[in-house]
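By letter and in written order, the chains are A, B, C and D; residue numbering begins at 1 in each of them.
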Amino acid sequence: MNTLQRGINAMIEQIDAPIATFFTSCVHCGLCADSCLFYTETQDPKFTPIYKLEPLRRIWQQEYTFWGKLMSQLGLSKPVTDAELAAWEPLVYDSCTLCGRCSLACPVGNDIVYMVRKMREGMVASGHAPEGLKGATQRAIGLGSPMGVNLNTLMAHIHNTEKETGLSVPLDKEGADYMMVLSSAEIAEYSEIVSAVTRIFHQAGVSWTMASDGFEGTNSGIQIGSSDLAAELLSRVVRAAERLKVKYVISPECGHAYTALRWEGPNLIGRPYHFEVIHIIELLDQLRSEGRLRTEGLDETRMTFHDPCQMVRRGGVVEQPRNLLHMVAPNFVEMPDAGIQNWCCGGGGGVSANERAEPLRIKVFSRKKAQLDAIGVDTIVTSCSNCRTMLLDGLEHNSMNLNVVGLTELIAEHLAPASK
Amino acid sequence: MNPQDLLYWVRGTGLQIAAAIFVLGMSYRMLHLVLLGRKKSLAIPRGSEWAYGLRIMWQRSFVLPELSARGKFTVVAGYIFHLGFLITLFFLSQHIDMLRAILKFGWPALPRSVIDIAAILSIAAMIALLVHRIIDPVKRLLSDFQDYLTWALTFLPLLTGFMLLRSIGFGYTTLLTLHILSVELLLIAIPFTKLAHMFSTFVSRWYNGASAGFRGVKA
Amino acid sequence: MADHDSLEHRLAEQGISRRAFLKFCAAMASLMALPPGSAVAIAAALAKAKRPSVIWLSFQECTGCTESLTRSHSPTLESLIFDMISLDYHHTLQAASGFAAEKSRDDAMQAYYGKYLLLVDGSIPTKDGGVYSTIAGRSNLDLLHEAAKGAAAIVAVGTCAAFGGIPMAKPNPTGAVAVSDLIKDKPIINISGCPPIPAVITGVLAHYLTFGELPALDELGRPKAFYGETIHDHCYRRPFYDQGKFAKTFDDEGARNGWCLYELGCKGPTTHNACATTKWNGGAGFPIEAGHGCLGCSEPNFWDAGSFYAPLPAPSADVTTIAEVAAVTGAAAAVALSALDRAKKKRAQQAHEKLTVKDL
Amino acid sequence: MIINVEVADPYSVGNIAAILSEIASRLGTLADGGETSLIDLKSLPLSSGEYEHLRFTLGRGEVTASLDAIGMSEIVETQFSGVWWITHYNDQGDIVADLIEIATIPNILLSQPEDMRTGLALLHAIISRPASSHD
């Protein structure tokens, strides 16, 4: 098979009842355009979500419909070409963050983002994935992290934390209840997280560990759209967790890591886990409700919360971060469209790793800017390290002077001293 | 064939042909869609697929996110068209007569004045939507021949029906024949075109809602 | 001589005044459904009108059409008109019988060859050589062809002669057909109805008499003056139709209030005839006024066009059975073809070459 | 068993109003010096109730004439001057024409030149006849 055949074969593999139903239902109303950051901020019709799926639609029609098959038999249909897939590559990767807003907007109920995710399987198999994302995936497979961080980097953070807090950071502790996984951005840039979770878990009395062979949660395979590669990356975490016999794996503050670990993971490896997956924010809220997480002092700063797409629309974690914020932030305000309808930072779904997409990503930050301008806050809290980087980047390009902090760190800053 | 024979044909054989193609086509198409199957997720669910899927099937008819002016236009005109079409289809006494003859049960009709308004609004909305499809860059990009064909096939029954009610243009026999014929063309076209969304929409919504429900997403 | 044959002259001879003649013309205009102001033109035309010979042949029929004509409630007028025609053969009405009757027909056909008006009621059986209806040993088919040859024009009186009518209804055992199915080379005017309105028969004769030509006809050969519009167009219950007020049964509130009979199967909207205005029995009323829907008797195949009591929009054939068969067939096809599709998907999965980092 | 047949207002169907406004418009034309015109009531869709209602509404005015020629004719000026209701009957008393004429005087009432000449001839014959012939 050449790459084109391989790509088309992958799409034929991926087309299932939902996809066939979605294409059957589409009435070309164009409403999904309004839900897409890339359309609303550019007004370019080619960014209409359903249009990004045109090659997949044609393959469905030609391979899975009565008339389509008939037309193909008669040689009356136009097969999908390599050039076409190449032309669609920027639409499928650069202008889609897999944010899933279109799936909520579609009046006939099409889960458009589900189809984009599936279409990427074919795109990457046909060789049409962005170079930046390819590089990130190669690093993730080869080096263990898309950003090139490794165990040594983590070990340095662990040392610092132990020195700073006087607490020990458990590594490869068999039989712990929880196994913490980090995102590569956290390891590379927001290493305070190691200290934050160490202190919080110490206070709450959580039995936890990290794994030297499964600490990286970021899954570039999901973003580039290859289940094969995603499975390889994910299986490292699964192996470590099952080796250490933990009950739970904690997903880091990283949207796609959560999706990969929580929802796609068992399907990627083809079996259920022997553990459960919980997002760090879910766990913190759970500790709060059990009275095990106690804070003191308030941060009077006017702050807001940026909902990561994979947490809310694709993850169902909406209330938990707010419960936590209310513990420490009396001046917390919601952005317009907060919660399930929040607008993407612009860098999800692999866009942040795709240098070619950067100008477009910066341009569409105007939506986030408008949301922020509407409420006038000083600090943005979020629970996704990729969102955090994208927000910082966007703010800088727009000369906006706002702080961006991770929610876990914010809680850790206000942690009450251990009472006993 | 004289006009009476033609009318008799469209009321009889024509309708049988159209109904057969429509039912066969839709039964095939809907079942074929579902039978393609989907993988059952191995992840631990946070909520119910069925409950939320069923909820979205219904709810997506009413809850729509914030939209731009062009989006609002599509939604408002779309609502008017669909509602007007359904009201005239199911609540004009003549249509109930027809359905009663097939289903063996009926229901009360709406007053003619209401039907008139619904039909006029529906026709106006369809024309507006056609113009919008031509001038709006997004819709124009998405549109192909089928979008215009299905528009025409949907518009004709509305138009001929309205002309029939108001005795505009041709005589009653001719208009009734044209009206029934246009409905038959529409019925025949449904299984082969995007008009199949009349049923598949609800399946789409279920899949979408089920996926969200599985993850415990509450819109 | 010709002048002495004109209607005006004959009327004058009978001591009828010009004013009476004008009254007669006003009645004629009303009868022919012409604009009321055309009485003057009628008067002028009638002054020159001639007395044509009429041969009336009755075939496969029930004599209802003749009954209708003789029950006509304007006898003076009819008698004036029949004064003006020479009814040389009508086997029900004529006094002569047996060979004499047939002879009078043959004589008239010879004497007025090319000029006589041929009136036909009843359809013509064609199966088995037309043996199913004969007169004096000759088949209707034979008689029609013979009589048509010398006719100036043919008037098909009643739905049977015009469109085949009840004898032609399924299964049509005698192979009955309409006059126009057999005669192609003569002007034919169809006065349909079961029976036709008597005033329409006389109206058409009056028109032929007055203007010496056939009136304007619709696409089914019927005079537009009487069949140009539908019962529905002129029905006094029409406003109820427009308001959507329908009687649901023959004895409900709506029926008592005189609401529209559409849902009770009235075929008025698709039936072209003058019943709603000309009315029956000396203007006493017409079926809808008596509380019963129109049967559509002046239209072709009215007998086979579904139940008289089924509303117009109701399907005229069974749709349910065919839909059930279609649903099952469609489902079976879906099961079969989706098995192929799943097999295709499985093949694609088997053909899947695992993507590795080297492929990027 | 008593069946209570209640007829709702038979005039509500709206045909009468249309006829009346048609008559009004034609009468207006006539009053302004325009032409006379005729309405053939047999060509209009009237229920018997409506027919009676029309007769009642138009009423009877100052002039009533009758004509005896192949049956009777009744010529009545309605309460609206210039609006005449003309009903022609045949020998049997059936209505053969039923007309509304909008005119200063219905045409049918005018003496006809042909009849006048016939009368004149008859009159001359009487004048020229010798007195002895009167028996």
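Keep this in mind: contacts are C-beta pairs under 8 Å (C-beta built on N, C-alpha and C of every residue); 3 or more make two chains touch, one makes a residue touch a chain.
Keep in mind the model is a prediction, meaning the values are calculated, not measured.
Asker: Find the most central chain, measuring centrality by the gap between its CA centroid and the centroid of all protein CA atoms shown.
Answerer: Checking distances from each chain centre to the full centroid gives B.
Asker: Report the inter-centroid distance (CA atoms only) between subunit A and subunit D in whole Å.
Answerer: Those two chain centres are 93 Å apart.
Asker: Where the centres are mean C-alpha positions, what is the separation of subunit C from subunit D, in Å?
Answerer: Using C-alpha averages as centres, the distance is 33 Å.
Asker: Averaged over CA atoms, how far is the centre of subunit B from the centre of subunit D? Could you give it in whole Å?
Answerer: Chain centres of subunit B and subunit D, defined by C-alpha means, are spaced 58 Å apart.
Asker: Averaging over Cα atoms per chain, report the distance between subunit A and subunit C in Å.
Answerer: One centre to the other, that is 78 Å.
Asker: Pull out every residue in subunit B that's touching 2 or more other chains.
Answerer: 28-29, 32, 35-37
Asker: Where in subunit C do residues touch two or more of the other chains?
Answerer: Residues 337, 341, 345 of subunit C each touch two or more of the other chains.
Asker: Any chance you could list the residues of subunit A touching two or more other chains?
Answerer: Within subunit A, the residues that touch at least two other chains are 15-16, 64, 66.
Asker: What topology does the chain touch graph have (line, ring, star, complete, other)?
Answerer: Chain contacts: none of line, ring, star or complete; other.
Asker: Can you list every touching chain pair?
Answerer: The complete list of chain pairs in contact reads A-B, A-C, B-C, C-D.
Asker: Show which residues of subunit C lie in contact with subunit B when the two form their complex.
Answerer: The touching residues are 219-220, 230, 232-233, 242-244, 246, 262-263, 269-270, 296, 299-302, 304-306, 310-320, 322-323, 325-331, 333-335, 337-338, 341-342, 345.
Asker: Per the contact definition, I'd like the list of subunit D residues that touch subunit C in the complex.
Answerer: Where subunit D meets subunit C, its residues are 5-8, 10, 13-15, 37-40, 42-48, 50, 67, 69-71, 73, 88, 90-92, 94-99, 107-108, 111-115, 118.
Asker: Enumerate the contact residues on subunit A facing subunit B in the complex.
Answerer: 15-18, 20-22, 24-31, 33-35, 39-40, 43, 45-46, 48, 50-51, 64, 66-67, 101, 103-111, 114, 262-267, 270-272, 276, 312-316, 318, 337, 340-341
Asker: Which subunit A residues qualify as touching subunit C in the complex?
Answerer: Those in contact with subunit C are residues 1, 6, 9-10, 12-13, 15-16, 63-64, 66, 124-125, 127, 129, 134, 137-138, 141-142, 224, 226, 228-229.
Asker: Flag every residue of subunit B that touches subunit A in the complex, lowest number first.
Answerer: Residue list for subunit B touching subunit A: 28-29, 32-39, 41-44, 46-47, 56-57, 60-61, 64-68, 70-71, 74-75, 78, 133, 136-144, 147, 192, 194, 196-197, 200-209, 211-212, 215-219.
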